[in-house]
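Shared between the two complexes below is chain A, which pairs with chain B and chain C, respectively.
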Partner chain A sequence: MAGPRYTADPPGAMPTVELNGLTALFHVRSGMTHILAAPAPQILALLAEGPTTRETILARLTDRFAVESEGDVLELLEARLSELENAGLVWRS
Partner chain B sequence: MRHNLHLQIGPASFRIGSAWAAPIRALSALYQDYPQAELPCDFTVRLEPQKPWRRWLRPSVSIAGDYVLPGAAPLPLEHGLLAAEMGMNLQMALGQKRLLLLHAATVERGGRALVMTGESGAGKSTLAALLGESGWRLLGDEFALLDPDTGLLHPFPRAVSLKNGAIAVLEGKVAADRFGPLLVGTPKGHIRHLRPNREAIERAREPARPALILFPRFGADLPEAVRGVGAAEAFVRLTQASTNYGHLGLRGFEALTRLVTQTEARAIDYHQTATALRLVETLWAEDAA
Partner chain C sequence: MSEQDESGQHESGAGASRRYVLALGAAAASTVVTIRPALAQTAGSIVNCEIPVPAPQAAGSYIAPDGSVVAPGTPGAFPPASRPLKGEEVKVMLRGGTPPGIDAESSQAYANYIRRLQAGMSGFTCYASLQMPR
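Coming up: the complex of A and B.
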């Protein structure tokens, strides 16, 4: 059975600025500012393209950002997705 | 109200009204060199008795205005000047909607500004006042006003609020007629206000480009230290130092990220004012010149 599909706002609704390896993000709809560490900004960039399963996110992260896909990477990805959901930046569709 | 004063301080104008003559008299003397504001003013401060009979009987001053802090304790009438100053701070902190307001002291030299922000007691006011008497132009000791449209800092050269030990330091350097009365036993100890020099007042509509951000920390046992502050840390600390970052939304985010990505930031620890002044000059020469 396919897992949930995750979605995020488009980049125009979440402007970002790089700050010494971290990313400051302004979420326009909530008016909240977030400071993100990798790979959270990369995940949000992928999700902005449309609803995506975690397996596809992982495959694209591996492909585009040279993320290691060994070990418990899927578990780590799920933890980051959960954090982004709690922050209101990602939701399941 | 019975007694009124209209003050223009940098880009902001204040109408201060009082039920008593004394606070307005003290404020008029302290701000004697400032331009009178045209009506209507941006902000209104009212100094009122807590209860009608308290205008005469053990008079205590409540601070009112466009914005109020519920539950704020009134001050005795002899601290009426402090009440007026706190009222102006409050209106600015809660009511400023256009400029990003940072709780910071700011001075300028050669068109470029040094921003100093830190915890209460870090020595911002003392350092700004001393620098303002030694080749720098004082932009303000309480609030830095960052313009989101231009990235420039507007002056807000209110009277400098000197506390406790800092009072004697400045009394030794500045003519007596620029000081307000000594206010004894305020909630922050002894306070004496210092009117900035004429240059600071006459150039109060002249903004400056930020060139260096300092996070000073004072401690009697603190060894002298300097460290770099990355843009992310500076950003977080400045959002905490702002009273209206949340209100400005995307404009505030863009203004502050631009400030921290374009301006060097350093943290300094010191235990003597002379050390801090030396570090300021050294870092300014390294980072901002």
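Coming up: the complex of A and C.
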């Protein structure tokens, strides 16, 4: 079944700087700065390609990376997406 | 975050022959830390911060017109502020004004005392935040 589609602002609205394995991101619209660890930047990069479902995000991640998880992959992806939602970087559409 | 494989930070290039490991982390892990805007914090601290005049360790000392802390009863000096001064009051004083309830001459002595505050002294952080442009 198709879940909600997740959306993020385009990369131009969120300039980033790499910091020793972490990513500092400035969200222009909110004026907030966030420090991201993997896989958050990778998820945002995927969402920059357009709104998509959790399942598609996972499919694209596994296409590009050797995805590892310590439990149910979709649940963990959901947890990561929730974090990004709470930070105001991702929303459901 | 320490559980994250750093190699996961690197996007594989187009047609990359090697796939990088991307760990999704544990359910309770945190991969997003939000830094609150410094200006918002400054605005909050201006409203709430207080400066004791003089610092608690010099309680009872008088304040000379130039802002120095002198012995109680020193002629020409002013008794300490009866309560810590609030950020908004200090802003007025630093501009040469006198907040309600404070004697005009004392007010300028207190302002000079506050201008002399240095890092580590009681009230310095409040003073520094008052100096920041908004």
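Everything that follows uses one rule, which is that the second predicted complex is superposed on the first by the 89 of 93 C-alpha atoms of A that agree within 3 Å, B and C clash if a C-alpha of one lies under 4 Å from a C-alpha of the other, contacts with A are read in each partner's own complex, and residues count from 1 in each chain.
Just so we're on the same page, a contact is a pair of C-beta atoms (placed from the backbone, for glycine too) under 8 Å apart; a residue touches a chain by one contact, two chains touch by 3 or more.
Computed from a prediction, not measured in an experiment: that's the story for all the values here.
Asker: Looking at A:33, would you say it contacts chain B, chain C, both, or neither? Reply first, second, both or neither.
Answerer: In the superposition, A:33 contacts both chain B and chain C.
Asker: Going by the contact rule stated at the top, is it chain B or chain C that touches a larger number of residues on chain A?
Answerer: Chain A has more residues touched by C than by the other partner.
Asker: Quick check on the superposed pair: does A:41 touch chain B, chain C, both, or neither? Answer first, second, both or neither.
Answerer: second
Asker: Considering only touches as defined above, state whether A:12 meets chain B (first), chain C (second), both or neither.
Answerer: In the superposition, A:12 contacts neither chain B nor chain C.
Asker: Does any part of chain A touch chain B in one structure and chain C in the other, and if so which residues?
Answerer: Residues 21-22, 31, 33, 35, which sit in both footprints.
Asker: Which residues of chain A touch chain B in the complex?
Answerer: Residues 15, 17, 19-22, 24, 26, 28, 31, 33, 35.
Asker: Could you list, by residue number, the parts of chain B that touch chain A in their complex?
Answerer: It comes out as residues 230-232, 235-236, 239, 245-246, 249-250, 253-254, 257, 260-261.
Asker: Please name which positions on chain A make contact with chain C in the complex.
Answerer: By the definition above, chain A touches chain C via 18, 21-23, 31-42, 45, 61, 64-71, 73, 75-77, 79-80, 83-84, 86-87, 89.
Asker: Considering only the defined contacts, which chain C positions touch chain A in the complex?
Answerer: 1, 4-6, 8-9, 11-12, 19-27, 29-37
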